[in-house]
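The structure appears right after this line, and notes come after that.
Labels A, B, C and D are assigned to the chains in the order they are written; within every chain, residues are numbered from 1.
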Amino acid sequence: MHRQLVLDKISSILDATDANYDGKLTEILDKASRIFVSGAGRSGLIGRFLAMRLMHSGYDVSVVGEIVTPSIKTGDLLIVISGSGETEQLIAFTKKAKEIGAQIVLISAKSDSTIGDMADAVFQVGKSDQYSKVKGMPMGTVFELSTLIFLEAMVSHIIHEKGIAEEEMRARHANLE
Amino acid sequence: MHRQLVLDKISSILDATDANYDGKLTEILDKASRIFVSGAGRSGLIGRFLAMRLMHSGYDVSVVGEIVTPSIKTGDLLIVISGSGETEQLIAFTKKAKEIGAQIVLISAKSDSTIGDMADAVFQVGKSDQYSKVKGMPMGTVFELSTLIFLEAMVSHIIHEKGIAEEEMRARHANLE
Amino acid sequence: MHRQLVLDKISSILDATDANYDGKLTEILDKASRIFVSGAGRSGLIGRFLAMRLMHSGYDVSVVGEIVTPSIKTGDLLIVISGSGETEQLIAFTKKAKEIGAQIVLISAKSDSTIGDMADAVFQVGKSDQYSKVKGMPMGTVFELSTLIFLEAMVSHIIHEKGIAEEEMRARHANLE
Amino acid sequence: MHRQLVLDKISSILDATDANYDGKLTEILDKASRIFVSGAGRSGLIGRFLAMRLMHSGYDVSVVGEIVTPSIKTGDLLIVISGSGETEQLIAFTKKAKEIGAQIVLISAKSDSTIGDMADAVFQVGKSDQYSKVKGMPMGTVFELSTLIFLEAMVSHIIHEKGIAEEEMRARHANLE
């Protein structure tokens, strides 16, 4: 049964992912003036899931590439989601953001990468060898789904730590959709 | 030559569009806490052109339907761009925004419409009869292009009135793209 | 630990989700001329995950609301992702698609709903009572994550059934990003 | 009056834009298997206006960066819209598309640029010196609006040349929006 295989794989990836990440990432988010989220393709979709929940939780957050996204500045945070840490466009964004004086966080399947070398912090989801040859889950699927669960759990951590009420989140949620 | 025909048509539409609109619309924008822009299809693209320029000019602006767009509240402004004033989804947005206590502005080719009836102000671009049977400009093209020029000129009005420097706008413009 | 709670919840939802859905949904997809995917907010993101994988697998697929999405016709399939089955805009899409003669599939947390009543098939993810009062997972999170895993597993089913090689999927994947 | 200034500027830019471009660009479009449109920020919006009209006119067209956009191949055409011809991300796309064997068309304010050097054809909108110091039209506005009118007129040329009926275009236009 494919569902169970997918869940088991995500579970083993998350078991190999540092339990302290939730607290560390929350700390970095709380220090940032504004948060910018970037990712290519399906990693960009994961970034959007995260961005929406951060907005609900009261953070000032933008998705890189959207029409009303402003310029990034010193004191802002750029979150880069990239399984390989080598996506060409995201390397360019990371360089520019770093020059400007923004903080960089990479969320990746790799411990070492071009973006990782420039980042202030790297959050590695799983271990590199866990991603090789996963039968029936094409391309970056394992990274994407594991990262999504990791980030949703991190948001759940934030909600608990700060005691954010669900009514408060609902009140921020888009009412024109 | 098609280019000249297109420009002539836009020019005659804009000649028939109230010269006081720039000032009136600026006044409404300045009173709003936050601005929400909505439109379907190509009118949605025009809304995005406007939203980016308003962001550059220092307004707090969101595009309806984007992932980090928050809830609209009393004191906010919803700008609806709809040639017909009858787009089903935009009627629903207008109703909801009105109930919540937001101000509504409609930019339209029609003086009377379902959205217009609910709006606090209607800005009619051209006159209804100017849109009938424009050879070689399919569907809403005349409305879309005229509205885009109208709104760009309105932004130009704002920039002059407020003395916004181009450097200031550039400093706000996305630097990750 | 939030990660484990999230995974356990998804696991119990998927256990309560009919195991025959993968085969049934694949059959419906294979009969469609073209596939249109729609959803609001985060359900729209899940629809995009699905749409990309279906494109990789060789289906002709469009996301409702994108700029180059064509008109839906008889013989086409509209997939609606809606936890409540009551999203106003999606009710309107479903009505219009049904009038035109397209097939409608609803993926939902509810067995009964306005969209469900119009749909040719309803795929219920979990049971309604499983969604009430999930601590620390705000709003639609449980439905969204469970549905994403359900759909990814369904794509995995398709890949196995049809013997689609990963190279073939990679060859279709966007090379400009 | 700002509207007249904007229209006059666009008019003088279009007067300085080769009248044969409409025919030449149509010829290139007709030779392509599939068309991919790309641009950053507001030039990306212009690309979306073009992409929608090309879809209406019966071409197989995708917007680079959208979720269901497939890989570009030999025989396909990449249209790049870039005022400077130097947008970093678009340089990367152009290089990759060229290596793969796709045709490249640049639409630009410059006759010489990095992208222009790699392109199979450059369509220069206006002359470079016409863009310097346009009072009250910030940043790329003159290029963007002139290019939009140029491309809309080019689509109008296509519609006339091929005798595409407006009903045919309407039948292709999205009916879920």
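In the analysis below, a contact is a pair of C-beta atoms (placed from the backbone, for glycine too) under 8 Å apart; a residue touches a chain by one contact, two chains touch by 3 or more.
These numbers were taken from a predicted model, which means no experiment stands behind them.
**Q** Looking at C-D and A-C, which one has the bigger number of contacting C-beta pairs?
**A** Looking at contacts between chains, A-C has the larger number.
**Q** With residue numbers as the basis of comparison, which of the pairs A-D, B-D or A-B duplicates the interface of B-C in over half of its contact pairs?
**A** A-D
**Q** Could you please state the distance in Å, as a whole number, between where the Cα atoms of chain C are centred and where those of chain D are centred?
**A** The separation of the two C-alpha centroids amounts to 34 Å.
**Q** What whole-Å value do you get for the distance between chain A and chain C if each is reduced to the mean of its CA atoms?
**A** Distance between chain centres: 23 Å.
**Q** Please set out, as single numbers or ranges, the residues of chain A touching at least two other chains.
**A** In chain A, the residues touching two or more other chains are 41, 45, 48, 52, 65, 67, 89, 173-174, 177.
**Q** Touching chain B in the complex: which residues of chain D?
**A** Checking each residue of chain D against chain B gives 1-7, 10-11, 14, 17, 19, 22, 40-42, 45, 48-49, 52-53, 56, 87, 89, 136-139, 141, 144-145, 148-150, 152-154, 156-157, 159-160, 166, 169-170, 173-174, 177.
**Q** If we count contacts the way the header does, which residues on chain A are in touch with chain D in the complex?
**A** Residue positions touching the partner: 41, 45, 65, 67, 88-89, 92.
**Q** Given the complex with chain C, which residues does chain D contribute to the contact?
**A** Touching chain C from chain D are residues 36, 38, 48, 51-52, 55, 61-72, 78, 93, 96-97, 100, 171-177.
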